[in-house]
Amino acid sequence: MFFHDKRTQYTVRVDKPDPQFARLLQQAIGGIEGEIRVCLQYLFPAWGNRGPAKYRDMLLETGTEEISHIEMLCTAVALNLEGASGGVIDHIVTANPVVKEIMGGMDPRHYLSTGLAAMASDANGVPFNGSWVVASGNLAADMYANVMAESTGRVLATRLWHSTEDPGMKDMLSFLIARDTMHQNQWLAVSEELGGIKGVHPIPNTFPQAEEPGEFNYSFVSTNLDRPANPGARWTQGTSVDGKGEFKFVHGAPMGEEPKLSPPIPEGYAQAEQMRSKDDSSSSTGSLL
Amino acid sequence: MFFHDKRTQYTVRVDKPDPQFARLLQQAIGGIEGEIRVCLQYLFPAWGNRGPAKYRDMLLETGTEEISHIEMLCTAVALNLEGASGGVIDHIVTANPVVKEIMGGMDPRHYLSTGLAAMASDANGVPFNGSWVVASGNLAADMYANVMAESTGRVLATRLWHSTEDPGMKDMLSFLIARDTMHQNQWLAVSEELGGIKGVHPIPNTFPQAEEPGEFNYSFVSTNLDRPANPGARWTQGTSVDGKGEFKFVHGAPMGEEPKLSPPIPEGYAQAEQMRSKDDSSSSTGSLL
Amino acid sequence: MFFHDKRTQYTVRVDKPDPQFARLLQQAIGGIEGEIRVCLQYLFPAWGNRGPAKYRDMLLETGTEEISHIEMLCTAVALNLEGASGGVIDHIVTANPVVKEIMGGMDPRHYLSTGLAAMASDANGVPFNGSWVVASGNLAADMYANVMAESTGRVLATRLWHSTEDPGMKDMLSFLIARDTMHQNQWLAVSEELGGIKGVHPIPNTFPQAEEPGEFNYSFVSTNLDRPANPGARWTQGTSVDGKGEFKFVHGAPMGEEPKLSPPIPEGYAQAEQMRSKDDSSSSTGSLL
Amino acid sequence: MFFHDKRTQYTVRVDKPDPQFARLLQQAIGGIEGEIRVCLQYLFPAWGNRGPAKYRDMLLETGTEEISHIEMLCTAVALNLEGASGGVIDHIVTANPVVKEIMGGMDPRHYLSTGLAAMASDANGVPFNGSWVVASGNLAADMYANVMAESTGRVLATRLWHSTEDPGMKDMLSFLIARDTMHQNQWLAVSEELGGIKGVHPIPNTFPQAEEPGEFNYSFVSTNLDRPANPGARWTQGTSVDGKGEFKFVHGAPMGEEPKLSPPIPEGYAQAEQMRSKDDSSSSTGSLL
Amino acid sequence: MFFHDKRTQYTVRVDKPDPQFARLLQQAIGGIEGEIRVCLQYLFPAWGNRGPAKYRDMLLETGTEEISHIEMLCTAVALNLEGASGGVIDHIVTANPVVKEIMGGMDPRHYLSTGLAAMASDANGVPFNGSWVVASGNLAADMYANVMAESTGRVLATRLWHSTEDPGMKDMLSFLIARDTMHQNQWLAVSEELGGIKGVHPIPNTFPQAEEPGEFNYSFVSTNLDRPANPGARWTQGTSVDGKGEFKFVHGAPMGEEPKLSPPIPEGYAQAEQMRSKDDSSSSTGSLL
Amino acid sequence: MFFHDKRTQYTVRVDKPDPQFARLLQQAIGGIEGEIRVCLQYLFPAWGNRGPAKYRDMLLETGTEEISHIEMLCTAVALNLEGASGGVIDHIVTANPVVKEIMGGMDPRHYLSTGLAAMASDANGVPFNGSWVVASGNLAADMYANVMAESTGRVLATRLWHSTEDPGMKDMLSFLIARDTMHQNQWLAVSEELGGIKGVHPIPNTFPQAEEPGEFNYSFVSTNLDRPANPGARWTQGTSVDGKGEFKFVHGAPMGEEPKLSPPIPEGYAQAEQMRSKDDSSSSTGSLL
């Protein structure tokens, strides 16, 4: 069960409101790198967690923290949009072309749809999409999903930090960047406990590798038409990173045949010209005529 | 530039067509864990790659391989749907309730929309979405995105492998599982070259960590209302996994204030009752009345 | 800032796991009538609330409660899917057609994508969409959005209640139905405080009604080609519900002209045949030739 | 069956074309507050209406009127974009940076994709989404959905009205604002006929309230960690708005237990480390270690 | 302006309600081949039509007819779902596994979300998407879009016709199939008037073909690695179909160079290892090491 | 199986980087008229092709070419964004309002999410959507889909060509325009081989036309309330374009009855007021009271 304290986790201060920066901040709220995603991406696998409970607990605690980050960012958007009050919106009635250009720069829905508040969308107004919430049921895979989310999230936060000179916003973003540092480390710590790279890979580690055809699972398949020689890269020779195989370098080549499908079934209502014998329906080399 | 050989990368054989398994295979084509996603997720960052060219080349080669995997899976869907020819579809006209239940089990659009062929959708018919293509411009973040994609992809492939007894399909899926093993290792090899966990984290490693407030970037913030003591977990004490800090355990507490927003601007057309003085518009503890 | 207690708000008990019911429950999680929607629909306008703080506080408290409801429902999905453990999934390997039909009935992604856990999607696997989060900045409009969400939500909950005979699930759903009753009342109480129907309408009540052309704002426009007489309905005569006008009944009739657009601009690369004089480009009655 | 008159319902006149205003108008066409949504939201429940036919008829008539509003707005967009003819587009070839900024302000797809015409999208180019069409089969719930749609729609229209100084556009928007006033009143009139607030609530009014646990359905659950005293608000004491209960104020507290899920099934291919005994898989307080 | 007659364009009769067929019909309502799409795809370009008015008029008339088709199909869905009344839904309370399988076969949201009515979604519950509404501003391109829509629409309708034995439904679908026949002919008639294939192609016919590099615009580029000889197909030799060139057959070969991008900008926060000199950042053949 | 050559199909050269033009180019990558769509729209029907193999081969070859076009456009976006390096992004830190306006003009995610690289999205940042990939299983319908895609694609390319003065970009776009010319001709050649307009229509040509009610399949139904006389247009008299009927002109009129639906089922939890007898639930003319 969840509870709330009316104060924010960290100070949210905007010294000079900037409606265009409000738009940029939306990426960190409703974008694929944003906080709604990480919040749900920690809570959903926690609620479906099967296995050691300590990882569920950790996911729940940090998932809860992320709601607080959404709260901070939405507050920051609302405060930045107050710059529209004495600025952009007032001037719209003047049909001043310069002001209109600024309107182009802010998200028009921040005025039209919300009356100066945050939305569950990204910096282009594209809504948050639940498909981004990855929770595979495999703890190691989910930890990578989390490290990835915190990595792209921290990259985004540093770019936002770079995009403003407002001291309040820089301060808030520094805090969020610091939290991303910790969260990257947290999920890595779980991976370490699960055995580190050699222990967790290949993910899932419960599938019997004997079922994998051995000539393919540690071979770099080059699809380069130059047919280069083995470049001796880390991934083309030596022991595999997971310690379970030897890297090889092979030139890609088709091992299958040209597919042969049956002719259309009558009730599929293809064109009459498609209704041919099965033999006709596949091509051989040179059949293009 | 891309070229094509009419044969498939690996044999695609369906011994006993199964329209419902065709539906399941769609998850590996157009689902978030599927091959269209990895294909574009390797090609897009290759085309935008800034930095050592060898990584771009590697991304291009494997991205190209993934198109061949889409081809194999789409062929497998078409072949499995041939089971509908002598089975499901013929019987629809009989209004046999048992057969209709099977129709419920296959994707009806496999008949209605494609006439027995694959779609760019997942196992529920939800279309592929370009937002899943992550390419941050930060090589280490992208490698995690790739390991994550190959990990959830391999988990999916093993579940599909488990869901069929068709020897041809099991053979094809074993091949794809093996390739996922290799691809996990490939991206890990890049991470290793980039310095391994200690070298790449926190991602991005170009942001000056001095800008991060030091009390937050290696602290586990517990939001658990039980206020537990430091459990001595890997992520609450000792050196951080990235080697750059010391893990701490802190009880979460609000450091910010309750947000205060300005009253609505007149041109936002809020209700008249919302138009109050700025002081009124924020609550203090106990203001709920 | 948010905090968490590891216990759920109310008991979540599944006496007889049912993977198909798990699919139905998804509608209450990630569907448009579901709990993620109401959760964000209360939190976002709270974070952007401009006006009396007591309404923000109320939104925050109930928005926080809704996260607990998502938690309960996701737990219920995970528990219902345990029925797949000894039932559906085990049997898939047998290729038993009857079992496969059941697989058709559950959401295949509950196995393929999550390994038996909830997703941020609806009962058809369509992902939650952030566009559903309505927060207009007008308190009265938002209260209607909330009453509507709790009304469709309670309708959904009663249908789910009817769809199961599991005592544990019926108990949990009864609780959620009761909470929806309260929440409908809460938002109505705000509307009452804001002046009730006569006080809040037309929403927004800050737009000067003198700007509205008076012949249209309380007239029922009949587009029925039968040209019926005034039926004397509540909405065609008497004082308007908002008390600010008199209902009238009028037969719809075009008051505008047939639109005339300019010919295409050359750089729009329309077909040559579209490039005509402005006079030609509009039709008059009978110009169909 | 539907018919058409080539004239518009009301005059559509643009005195000074403005491509950026065309973008803003898109929100009223394809946005969630827009006319496609209300049009379908009245027609779909009309076509599925079960119950008194007079409400179906009313929905049909007004749904038909809304198509005429889409027509007016699309015409207005096309006329406003004619401003791009002699202005923006011509100048693109000059690579004039000032002009390019304007291009940023209009929707580039208004040129690239339509050659100066409206799209079925919102002001950010996000396409109309059929999920917005709410038709629950419960008349009272649907009426709230309609009042909500007309309320957010009227708020949007007033903001658009404020965003232009074009007399023609202001005139057209005044008409639409007036119609929204009427439509709010219409749906309210149905609610009044259905019994008003006390008659229709809780929605649905056909679920036996005896099934609701009585201690929860009129209680305000405070999730505020300050544990405030009953503030004596309208929603925390006195008779409930629906007249069927007494408001109470309670401090939220977990009534359920910490969830316990079974360990992963083998065929889910979780990591080996997750495969533990059932007892292990749940945490107790303090189990974080 | 639009008007309505309460009778349907054609008889909608369901002799034996079938909730699963209701699901299939949804594809013809809210699917990409469905009637909402064609309705808007004729109305939007009509409202933005620039050029001869007779084509706008024709689009308006047929777009109006399509609303009547949506009406018929939605009515058919509602009537087919009445089969759920005495069948599926009643039985849900019995937890009869056979009945549940049928539930899997119908769209669960037809009960959960609408109480037995149509939705603005396809046969998998995926919502209608406004992006499908193509209106390019080029009349010839739009006519192809329309022929394509009526062709895939007629294919869908024939498959639906094949999927039912209900005489009423077959009758209604025959009518819709007939209308699709006419509509294909209509749009073709416009193409014929615009000059037929030779007159309208290449679309747009207003772009000066002299700007096209002549060696590429009538050459079939073979990307087949077998490097086949010119197969003498219709599209590899002889006069082009548009009569404006000679078909040629060429083996695809790269004409560009390997792309060279600049190193990352510092404020992009790529990894430090990506920050190299410009020369390093591009590969030459063999640089894979 | 697919292979790659590191050189591009045609030269990609940007003489003067322009971040705003990069945004426009996105429409040709991830927009509905863009190259990802045509690529998948040729490859998917190839992989599901049933009928003469030569058409599959042709689809495969051109589908493969389209991947090379995505590659060229993504490279062009990355190169154009280098203009942001020394321009826009550097200046953000200055909070220069003029620069910020430019930022409004480029896609902010080109910096925030990719660090100056292309995305799988359109010019408004709306992600590519797999639903756009049309492959009906009917060859003639699919050819129209392809001609339509190449027609709207060529219109888009000409507008992009017009939007830049960069010689390198104009050169690349000229190449793409030329390829679109060829591809239009290719798909038309297939249609010609399939019998031309008279041979392929109505699509599908395998449905027995005797099943179509003859009075509707070649009649133009006028829904114009003016009830105009037969205008003698190409589509209202004479032989139909497909040569299989005679065009007629009829005034639309309802042939069906007003729909009558059953009252709600109890378990649908409609409002009590909707539960009426079946007779009541339908209206007759004048029943509006």
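We call the chains A, B, C, D, E and F, going by the order they appear; numbering starts again at 1 in every chain.
Keep this in mind: contacts are C-beta pairs under 8 Å (C-beta built on N, C-alpha and C of every residue); 3 or more make two chains touch, one makes a residue touch a chain.
On a predicted model such as this, the values are computed, not experimentally measured, just so you know.
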| item | value |
| --- | --- |
| Partner chains shared by subunit B and subunit C (touch criterion as defined above) | A, D, E, F |
| Result of counting contacting C-beta pairs for A-E and A-C, higher pair | A-C |
| Centre-of-Cα separation between subunit F and subunit D, whole angstrom | 27 |
| Cα-centroid distance, subunit A relative to subunit B, in whole angstrom | 7 |
| Shared-contact residues (touching 2 or more other chains) in subunit E | 1-9, 32-33, 47-48, 50, 54, 57-58, 60-61, 64-65, 68, 75, 78, 92-93, 101, 104-105, 111, 113, 115-116, 121, 124-127, 129, 131-132, 136-138, 140, 155, 158-159, 162, 203-204, 207, 223-226, 231, 233, 252, 254, 256, 259, 261-262, 264, 267-270, 283, 285, 288-289 |
| Graph class of chain-chain contacts, one of line, ring, star, complete, other | complete |
| For the subunit D and subunit E complex, residues of the former touching the latter | 1-9, 30, 36, 40, 43-45, 47-48, 50, 57, 60-61, 64-65, 67-68, 70-71, 74-75, 77-78, 113-121, 127-133, 135-138 |
| Of all residues in subunit A, those that touch subunit F in their complex | 16, 18, 20, 23-24, 27, 31-33, 101-102, 104-106, 122-126, 155-156, 159-160, 162-165, 223-226, 252-254, 256, 259, 261-264, 266, 268-276, 280-283, 287-289 |
| Subunit D-facing residues of subunit B, complex | 155, 158-159, 162, 224, 226, 228, 231-233, 267-269, 285-286, 288-289 |
| Residues on subunit D engaged by subunit C in the complex (per definition of touch) | 3, 5-12, 32-33, 54, 57-58, 60-62, 64-65, 68, 72, 75, 78-79, 82, 84-85, 89-90, 111, 115-116, 126, 129, 131-132, 134, 136-138, 140-141, 144-145, 147-148, 150-152, 154-155, 158, 161, 174-175, 177-182, 184-186, 188-190, 192-193, 197, 201-204, 207, 209, 211-214, 216-225, 231, 233-235, 240-242, 245, 247, 252, 254-259, 261-262, 264-265, 267-270, 283, 285 |
| Residues of subunit D that touch subunit F when the two form their complex | 1-6, 47-54, 56-58, 89, 92-95, 97, 100-101, 103-105, 107-109, 111-113, 115, 121, 124-127, 137-140, 194-195, 200, 203-207 |
